[in-house]
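The structures considered in this document are given below.
Heads up, the next two complexes both have subunit A, just with different partners, subunit B and then subunit C.
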Partner chain A sequence: METLGAFSLLLALCLAAYAFLASVIGGWKEKPFLAESARRAVYGVFVMLTAASAILVYALMTSDFRFAYVAERSNRAMPAVYKFAAWWGGQEGSLLLWSWMLSLYAAIVAWTNRARHRRLMPWVIAVLAFTQTFFCLLNVFVEPPFQMLAVGRGVTSVADGNGLNPLLQYWLMAIHPPALYLGFVGFVVPFAFAFASLLTREPGEAWIATTRRWSLVTWGFLSIGIMLGQGWAYAVLGWGGYWGWDPVENASLLPWITGTAFLHSVMMQEKKGMMKVWNMVLISATYFLCIFGTFLTRSGIVSSVHAFAQSSLGSWFVGFLAVSIAVTVFLILRRLDFLKSESHLESVLSRESSFLFNNLLLLASCFAVLWGTLFPVLTEALVGEKITVGAPFFNKVNIPIGLALLLLTGVGPLIAWRRSSWESLKRAFRWPVLAMGLTMAALLAFGVRHFYALVSLGLCAFVAATVVMEFYKGARSIAARNQMNFLRATVELTHRNTRRYGGYLVHMGIVLMFIGYTGSAFNKDTTEEVKIGSHFRIGAYELHVKEVTDGSNPNYSWQRAVIAVHRNGEYAGDLRPERRVYAASQQPTSEVAIRRRLNEDLYLNFASMSQSDPEAAIIQAYVFPLVSWIWIGFYVLLFGTVVCLIPSKVKYAYPKTQVVGVYERQPEAAQ
Partner chain B sequence: MILAVAVALTAGVLAFVFLIRPEDLPPAEEAPPWAHLEEKRDVLYDNLRDLTFEYSLGKLSDEDYAKAKATLQAELGKVNAELERMQVQKPAKTAKAPAAPQPAAGTVCPHCGAKFDKPLKFCGECGKPMAGGGA
Partner chain C sequence: MKTYVRFGVLVAAILGTLAWLAASGIRESKTYYKTISELKSMPQSEAGKRVRVTGDVVAGSIRREGAAVRFQICEKERGTTLNVVYTGKDPLPDTFRDEAQAMADGKLAPDGTFHASSIAAKCPSKYEAAPGKAAPQPLNPGPSRSSL
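What follows is the complex of A and B.
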């Protein structure tokens, strides 16, 4: 079986390389048969990689410990879901998942566009196949998943495996990597279309229309992946942090930032034919940052709790990135005439300029995160010593940028496309500014003195007011015109322009997430050594450690503290934080207990039993105000993204007679 | 056994990739050469719709609205003129294409070949009567 797995990978590599060559020649010489065979080779790659993945998963599920990968990443006592998740629990398996997802995307693109974009498609397939060839090379030669345990020349096996890293044995971690990879891998598709349109000088913006949904879905998956990672860090790492500016976290954030900038600025190209070079740079940067993120996670170049072990992958990635970036930059420079803007910025007071500022801020944030992430690598190369910049650097730079972006999230929708006058702006800003002022005044009255928290919550009120106003004004207008109730009019309004109103919902999600992040300014924590039967306090809570129980199952042994929670004197239930030691790896982990509420979370971690007193437990207690709003905001963001994907109901419903009236006058204007 | 499966797999894949009959090729694309202009026209209509909606919500002053609308309409006029020019020229060259649908009576000028969306009595291009125009 292992031979068949390795053979499938080899065949996939050959097919991917053939697909690349055949599509380049087929596109260049306009040979339809060659282009068609390249397309079929793409399906072949998918079938081969599916077979290889199925063999690896089968070995994991049946605990076939002849496979080195299975012996290292799985063990018999692990639940089936984590045995399956071990597919992406190690370097070799997760690279295979990357390859398989890319082949799936490529097959979908090849199938859905089989009778469309005849000039573009060979080049689209060439880009996809080039990337696929690179990853198949890694699967076959650098990190092969089908290595067997051997003694001398014979294959052997072990009685039980080492098991998956206990920190990864958590339900969010079982789905976090695939979601993140769906985002990482997916951006190759819009990039491939952009590259192909540039190469063929395809007139119009067909590549944008074709990849609009791809970009959104991919961005959505990247958002899901990042949020699942945050949820996992919050619930598993034991200190309540959901974002630590770790290099691997940053690696996923970078393409998200440029992808967000792209989703905004591409609207200007669609609407006005502007910023074509910029969009090309953004989508290319997003694709390269996805590859760069994969490189950062896997090469061992930076230290991170999430990174895979040190490996020789680094030089392969550097080579691939260098070639790809050089070709893309060369192509963009050669096609500057093709990318010439069709119109210009008419006024600083316009939606276009707010998009421009939004892009500049996102780029500044991206650069700061990239700089901070690579700083240890750069300092090691230049002065021979790794100097790491920590969370304070990232926070110092990114909090002001984040707040400025939040402001623009509110300002953008209030300004019209092309131009706005001061008068109409004053009118539009009246209520949102009032909401901001009132919120800040109320916070000050309640004793809030934290500068960033005040500004952030004030801006949240500002943006929320703009979003509510946009829905209210639009729905009111529709309700009056069509004699329908307000709720139905709101649905109708959203359905008429799903991209716009879905976008506003995404903005609302971001606002709610900012509320959650701002809550961290008021976090409280304490670590107490508490005798069983004793009490301690944090904030409004009194915590009574009732007992410590223990037990075991085949996978791990556990100790559990039972803690009664009283809030403002009233009993609010028991929490049971747990400490586990996994049998296979002998690695201890914490299972925190969280009392989640909209205003704050009470978060308890059972660190250990005291060394000096066997009757005392060491409990870390935290109060995290507003943190639930991060997850609620994420669901709203996701809902908004789904709304954006629904086709709009009204298309081109503008009364054409008005246009025709001017069209008849047009020859005069030309004279 | 493994060898046999590997050989069968390889043969199957090679046959699938290389054995392509002419009828397997995707059908010729129907998109006309002026597709990008139609796309641009649709975007301009969309922009006009947006503009009107934003004006109705009070985001633009009367003056801004009038200016922006005039600019968009002028752009639309140019695109429509260019579109019409291309559509008039191109069908004349490809008139013998067997799959081309028959135009409705009165929509193609018998004198200059100009095409129109609706049946007309007189040609909008050359002004001559449209023979058989059923308007």
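What follows is the complex of A and C.
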């Protein structure tokens, strides 16, 4: 069976290489049959990789410990769903997942465009096939998943495997890699279209319309992947945080930042014909950052809490990135004349300008995060000493950027194209500014003095007011004209222009997330050694440690503290934080207990029994205000993204400014 | 032209502010990587620097003393050991146990003990998420510490 798996991978590699060569030659020499055969090779790659993946998954589900990968990542006691998730639990398997997803995307692109974009498609497939060939090379030669446990010249097996790291045996973490990959891998498609259209000098409108959907879906998956990571860190890691600016976290954030910049500046190209070179650079940067992120996470060049084996994987990625970046830069420079702007910046107070500032801020953030992540590598190369920077650096730079972006989220949609007057701005922003002022005044009255918290919540009120006003104005006029009730009018309004109003919903989601993040300025924490039967206080809560119980099952043994929670004197239920030790790996984990409410979370971690007093338990208690709004805001953001993807009821043809000719007045003849 | 000048000035102002914030952030948090041997042979003048030191946790050396946790890490190749004491408020990572690879951020005290403000630990197996990093916010007390 392992031979079948390894052979499928080899065949996939050959087909991918063929697809690349055939599409390049077919596109260049204009041979449609060669290009068509390349398209079919793409389908073939998908079939082969599906077969290889199915064989690996089958081995995992049946606990076939002759396979080295299965012996390392799976064990008999694991629930079936985690046996499946072990597919991406290790380096070889997760690279196979990457390849499989890429082949799936390529097959979908090839199928849905089989009768369209005939000049473009061979080159799109060429780019996809080039990337696919690279990953198949890794699957076959560098990290093969079908190694067997060998003794002498025979194959052996073990009685039971190591099992998945228990920290990963949690539903959020199980689906985090696939969600993230759906994002990472997905960005190759808009990049392929952009590259192909640049090569063939296809006008921008064609590729932008096609890739807009892909970019939005991919960006959505990347957002889901990042949020799953945050949710998991919060619920599983025990320190109550959701973002530590760890290198692998940053690696997933970088393409998200440039992807967001791209989603916005592409609107400028659609409506004003501006920023063509910049958009090309942005989508290329997003794609390369995805590959770079994959490289950073697996190569171990920056030390992080992810542990990695030393392998030559890093050099392969560097080679691939170097070649790809060189070719792309060369192509952009050769086609600069084709990418000339159709209109120009006329005023600093304009929507163009706000998009430009949006891009500037996002790219500044991306640069800072990239530089901060690579700081140890850079300083070691330049100064000889390895220096790292931590969360204070990232927060100092990114919090002001985030707040400035929040301001733009409110200003941008309401400011006019080309040129806005102060008068029109004053009219548009009267109520939002009032909302901001009232919010900040109220917070000050309640004793809030934290500067960033005040600004953040004030801006949240500002943006929320702009969004509500937009919906209200539009819905009111539809309701009046069509005799509809207000709710139906709002739905109708959104349906008529899903991009605009879906976008507003996404912005609203961001506002809610900002509210959630701002709550962390008011976190409370305490660590207490408490005798069983006594109690301690934190914030508005009184916590009684009732008892400590223990037990075991085939997968793990556990020790649990039962704690009664009283809030403002009233009994509010029991919380049961737990400590587990997993049998196969002897890995301890802490299962925190969280009481989630809209205004704050009560978060309890059972650290251990006290070593000096066997009747006392060490409990770490935290109060996290407003943290649930992060998750709520994210669901709103997702909903908004889905709305954006629904086709509008009315198709808008966007008027574009185009210079047709110049009329010059002849000077008057002398009298 | 005037539009571009105005725009340019704004861009320069924004980037300038960010660069200043970045420089101050680096100053506040820069941490030098040092091996245990390098740390022990550091000249006195450098004793106040924030350092990140890695080593394997010596089996049986982890002791909890109230709020503090004391343990020893050793550098495998040279056999040198270092005494570490951690008094941070964040829980120790789940991966922190005997023989694990630990990373401690902090400063070397005059008595030769390393006072760690944050501990991270790795699982010694390949491509596994070994998170559980204690939050690296040691030197800036948050604006709302527990009033207990």
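Here is the rule we use: the second predicted complex is superposed on the first by the 645 of 671 C-alpha atoms of A that agree within 3 Å, B and C clash if a C-alpha of one lies under 4 Å from a C-alpha of the other, contacts with A are read in each partner's own complex, and residues count from 1 in each chain.
FYI, a residue touches a chain if its C-beta (ideal position, glycine included) is under 8 Å from a C-beta of that chain, and two chains touch if they have at least 3 such contacts.
These figures come from a predicted structure and were not determined experimentally.
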Touching partner for A:613 - first (subunit B), second (subunit C), both, neither: neither
Touched partner set for A:30, first subunit B, second subunit C, both or neither: neither
Subunit B versus subunit C as contact partner of A:547, first or second or both or neither: neither
Which partner reaches more residues of subunit A (counting touched residues only), subunit B or subunit C: C
Touched partner set for A:427, first subunit B, second subunit C, both or neither: first
First, second, both or neither for A:4, with subunit B first and subunit C second: first
Which of subunit B and subunit C A:270 touches, first, second, both or neither: first
Sites on subunit A touched by subunit C in the complex: 72, 89-91, 94, 162, 165, 167-168, 173, 233, 237-239, 241, 244, 246, 298, 303, 305-309, 345-348, 353, 356-357, 360-361, 364, 368, 375-376, 385-397, 400-401, 404, 450, 521-529, 536-539, 587-590, 605, 607-608, 610-612, 618, 620
Contact set on subunit B toward subunit A in their complex: 2, 5-6, 9-10, 13, 16-18, 20, 24-29, 35-36, 39-40, 42-43, 45-61, 63-64, 67-68, 70-71, 73-74, 76-78, 80-81
Complex interface listing, subunit A residues touching subunit B: 3-4, 7-8, 11, 15, 18, 32-33, 36-37, 40-41, 43-44, 47-48, 114-118, 203-206, 209, 270-272, 414-421, 423-424, 427-428, 473-474, 477, 497, 650-654, 656, 658-659, 662-663, 665-666, 669
Subunit C residues within the subunit A interface of the complex: 3-4, 6-7, 10-11, 14-15, 17-18, 21-22, 24-26, 28-33, 52, 54, 63-67, 89-95, 97, 101, 103, 105, 120, 122-137, 140, 142-146, 148
